[in-house]
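Data first, discussion second: the structure below is written as structure tokens.
Think of it as A, B, C and D in the order they're written, each chain with its own count starting at 1.
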Amino acid sequence: MSLNIGVIGTGAIGQDHIRRCSKVLQGSHIVAVTDINREHATKVIRDLGIEANIYTDGYEVINAKEVDAVLVTSWGPSHEEFVLAAVAAGKYVFCEKPLAVTAEGCKRIVEAEAAQGKRLVQVGFMRPYDQGYRALKDVIISGKIGEPLMLHCAHRNPRVGDNYTTNMAITDTLIHEIDVLRWLLDDDYVSVQVVFPRKAKHAKAHLRDPQVVLFETAKGTRIDVEIFVNCQYGYDIQCEVVGDIGIAKLPEPSSVLLRSEARLSHEILTDWKDRFIDAYDVELQAFINDVLAEKLTGPSAWDGFAAAVTADACIAAQENGEIVPIDLPQRPAFYNK
Amino acid sequence: MSLNIGVIGTGAIGQDHIRRCSKVLQGSHIVAVTDINREHATKVIRDLGIEANIYTDGYEVINAKEVDAVLVTSWGPSHEEFVLAAVAAGKYVFCEKPLAVTAEGCKRIVEAEAAQGKRLVQVGFMRPYDQGYRALKDVIISGKIGEPLMLHCAHRNPRVGDNYTTNMAITDTLIHEIDVLRWLLDDDYVSVQVVFPRKAKHAKAHLRDPQVVLFETAKGTRIDVEIFVNCQYGYDIQCEVVGDIGIAKLPEPSSVLLRSEARLSHEILTDWKDRFIDAYDVELQAFINDVLAEKLTGPSAWDGFAAAVTADACIAAQENGEIVPIDLPQRPAFYNK
Amino acid sequence: MSLNIGVIGTGAIGQDHIRRCSKVLQGSHIVAVTDINREHATKVIRDLGIEANIYTDGYEVINAKEVDAVLVTSWGPSHEEFVLAAVAAGKYVFCEKPLAVTAEGCKRIVEAEAAQGKRLVQVGFMRPYDQGYRALKDVIISGKIGEPLMLHCAHRNPRVGDNYTTNMAITDTLIHEIDVLRWLLDDDYVSVQVVFPRKAKHAKAHLRDPQVVLFETAKGTRIDVEIFVNCQYGYDIQCEVVGDIGIAKLPEPSSVLLRSEARLSHEILTDWKDRFIDAYDVELQAFINDVLAEKLTGPSAWDGFAAAVTADACIAAQENGEIVPIDLPQRPAFYNK
Amino acid sequence: MSLNIGVIGTGAIGQDHIRRCSKVLQGSHIVAVTDINREHATKVIRDLGIEANIYTDGYEVINAKEVDAVLVTSWGPSHEEFVLAAVAAGKYVFCEKPLAVTAEGCKRIVEAEAAQGKRLVQVGFMRPYDQGYRALKDVIISGKIGEPLMLHCAHRNPRVGDNYTTNMAITDTLIHEIDVLRWLLDDDYVSVQVVFPRKAKHAKAHLRDPQVVLFETAKGTRIDVEIFVNCQYGYDIQCEVVGDIGIAKLPEPSSVLLRSEARLSHEILTDWKDRFIDAYDVELQAFINDVLAEKLTGPSAWDGFAAAVTADACIAAQENGEIVPIDLPQRPAFYNK
């Protein structure tokens, strides 16, 4: 039993998922692709030695008879329409983040999916598939640290390009914490505040960097997330959960311990791609397996919507310096586990 | 050349300082003591095998001819009057924290000392004498991490007694961070906010525990300090300084690395006395040496005043949930280094 | 392009490899199986939902038209004959360790393979496929520690069964270090000595445990390997390479850092299966890919022979307490990389 | 009550002990000194601002009425005669290592001391006073790791001078492990073997470096000590004790954890003086306290003798490549604790 997949968009991430499905994972075949640059789509397929139909647009891919499930890896603003079309066609769809560029758009998807009566949509948040976060969640569930009271987190990049803006610290960077911490805590945010420390020397003139984002959750857990995208020293993801009786910390990536030049040291990664590379494989394999079993379990359209609502509040908090409430509607029973 | 010291108050800390000066440090003799419980003072002296005059009250100790310098280790509310008396007598005085129970009281001492024209007062903040904090400050000064932008700190106790109150989290616990972080950064606080996470299971009904205190400094550095006094697992002091190009973390206390029972582990201390025990020796030896050299360099009356003003703002912030400004007057040139 | 695999032996490891090829890896199908217990083979196939022919014996599997490559996972004493038969049939064969139960047997395979003119045999040593050992080898190759001078290693199990003997510490336990350290150093052993420390409390009466094995290599590197199979605390593999200018240590498996009950701790694994579980996947995927590319690169028949010769010398050294030379014939040019 | 100390030899270590007794420790005064270079002795005393009599030779110091105890910090070959003279005079004596330059010389001291009927001699082995080794011994005694079965140790220096010889790896370097491991295990060596790995790139032509020394103890514990005095990267002392049920490792010196330049790192010391600097203070304070209490508890003349006998066997083992027995006579009851 193999899942026939159609891919909309053969840019960097699309191409990588095609390779992944064809060369690494089990249980799927790429049978259809499209890209606004048809030549590029053709080249990707040829270079990987795959046989797949090349279609003119995403709608053709979605509606192609041979396609069982769709990967949406096109330009962000096009995600919503393709996901809605896939849902309308009753086909499973894996959509890279963002699910839609506005919370409203995410809500339309949630409503379409609910109306349709079955979970068809998975959003491409990969951190819940990271071995480290899973181990951390296992420790929380085990009760070894008691109930989580506080989280101290950091998301650091060595540097960012000139076109990276202060808002992108939320929509492109923090968005991963927004999703994974909800999952980790099985909780929702109720308010957010953003404070701006003294600016880092290596941050561009137009960019406020670093930032500290402070969340409160429905259960009262307090979260601080440092976002620092010009930290120079490495790509570094930290997450420490302080519970009633103990503290658990996200594992550092495994590496050789070196004694040299008067330092006892481990390597710190510098490229974000290396940090979660395994998680992408696990994520997509889980999607394939879940579709074959006809039961999605990964990040849902609701999770995509919750992330969008939260990100909007964070941006408001960046701008007004106040504690901004996060008003998420009641989750439809449909999305309860 | 030896310093003749008089001690006011022979409770736990007073007794410990007497032992320290007599049995551990160089360059001083305890020559006079007093306590509201004269018998207790007598017993302390006898048990340690020291010859010292027993006086009726602190004023007698301060004014005794044989006394060159005074240690004030009496009940907190009496500190101010004894420090003022020592300053009036032109004698060096080491006063355990608090310098005075109000910021106003601290200010009176600052003014008395300034009027007198010479630094005579040292406040008993011992963390700047801890080897770990000193190593951390050396790293900051070295430029290896660039300018400090953010500090992530924690002050955790396994448990506290029934009479420990929410305000004491500031005046008894955070007070150490208030002092040592000013010293570490060579900076002053300009505002503070306190947030209360979900309450810890083992905290008493009347106590809000944990708390997170958020400072901004004059240079724009942002500090978060978690205070958690019923964390159960140990006495744990954390301080991480995030700079432009790197991060430095306060050393964990040195301990044997153990492989046993499926854990690779280090011990965490459970008693605060063990954590800074060496710092007390260094602190008091520095005071003795500085007095003999006639130039105090440790925490000053001004530092005690700054700590009191900051603590008052923290308590206001606990109570009103807002960002409370911290208005410290301009530091008298007298206290510049 | 998919590799059709026949499996000889459906015991624990055989069954696991069948699952791996069918459910985890890419590029292969299990098309034929056999087991001395035919019912068991049938059940394994059925439980995994695989279609494969069931044959009467290993020779039938080897000679089946539909079989491109063979996995030998039968009883150790039968390995040699099946590998020889596969080589004679010109088919690729992956043989679980041992390649043969005697060095002589391994040599017969080496000679048969060489006569046949093409590398067809891979031995199931999985550690060179472990991410940690690969990272360690990368550091050595990088020159960051200079040339390796000494290795300090340990192989510890929490406990072993009653039938585990002193010799098995070599043939079942040390055999992994014998292989992986040759690969790590790209070097050969020239002598070995075994010393027996004071016996561990939890070791059975008939068993000498722990043992320390001391190797010298052709390049003069000295290796000490502690073997301790009743260490109680965990399954723990250590390898530290001391070079001219630095030291590199095999990574500890990644795990959550926990602060609880007065300990700062990481988990230590207790089951050897968890330690190298990923390496088995990488190993077999590499075999499949290499066969499809018609160029084996993994542990060769020569490596299997070298391990057997070395193990024989270790056993002699256990028995006579002396420094025993290890005389490996010149490696046929055929096996040079 | 203060101990009046006379010092024989004002070279580097002598001068440092004079400073220590005068400026750091409690309970002693330096009242007499001598040096073959009288001017130097005078300068040392003057620079430290101490009043002490300057004598013509060590015998005068030993016999001076005002001297209660003697520190022998002169040239190694003169130690024996001065220690014997002090014992003959019934005075306590602290002698820097070596106690005597031959095992025979040490034995004469042991016999003189025993004849005299009272422990008067302490040898300057400082490692048993190191906080790390003490913590390690506490763990052993606690039973947390069971009985010690194996020790894996290393003694590494970044580099040595041209005049450092292969034998000095024993007499100047390993000598510290010889002493401290006996103390740690409360055990004696029964044999030793030395193996020479491939030579380190940065070792001088005449020097065999590194070396591995293998001891067996009376209780059957096996010890390997790597000696590597041109390791370049730092001064690094390692000691790992493998017991029946767990493993304990000597603490790494405490230091700031740094994230910078893609490394997560701790500092490694490069100067041996920094590594045991605190231990020298503790050692000499213990000597002073023990003399005042009239009961020596530190490294004894017997320990000095045992170290000398062991070192002789190590040198024989370096030269003949064999397992050399270490025959220590029965310890006189006098030296039992």
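Heads up, the rule we're going with is that a contact is a pair of C-beta atoms (placed from the backbone, for glycine too) under 8 Å apart; a residue touches a chain by one contact, two chains touch by 3 or more.
For reference, the UniProt names are A, B, C, D = Inositol 2-dehydrogenase.
Owing to the predicted nature of the structure, the values given are computational and were not obtained by experimental measurement.
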Checklist line | Pair joined by the larger number of C-beta contacts - B-C, C-D | finding: C-D
Margin query: Need the most distant chain from subunit C, centre defined as the mean of C-alpha atoms.
Written below: B
Margin query: Can you work out the whole-Å distance between the CA centroids of subunit C and subunit D?
Written below: 45
Checklist line | Separation of mean Cα positions, subunit C and subunit A [Å, integer] | finding: 38
Next item on the list: Indicate the whole-number Å distance between the mean C-alpha point of subunit B and the mean C-alpha point of subunit C.
Entry: 59
Item checked: Sites on subunit C at which at least two other chains make contact -> 233, 245-247, 252, 259-261
Margin query: With touch defined as at the start, can you tell me which subunit A residues reach subunit D in the complex?
Written below: 233-234, 236, 252, 259-270
Next item on the list: Sort out for me which residues of subunit C touch subunit D in the complex.
Entry: 146-147, 149-150, 152, 195-202, 210, 212, 214, 216, 219-222, 224, 226, 228, 231-233, 242, 244-247
Next item on the list: Over in the complex, which subunit A residues touch subunit C? Could you list them?
Entry: 23-26, 131-132, 135-136, 139, 144-145, 245-261
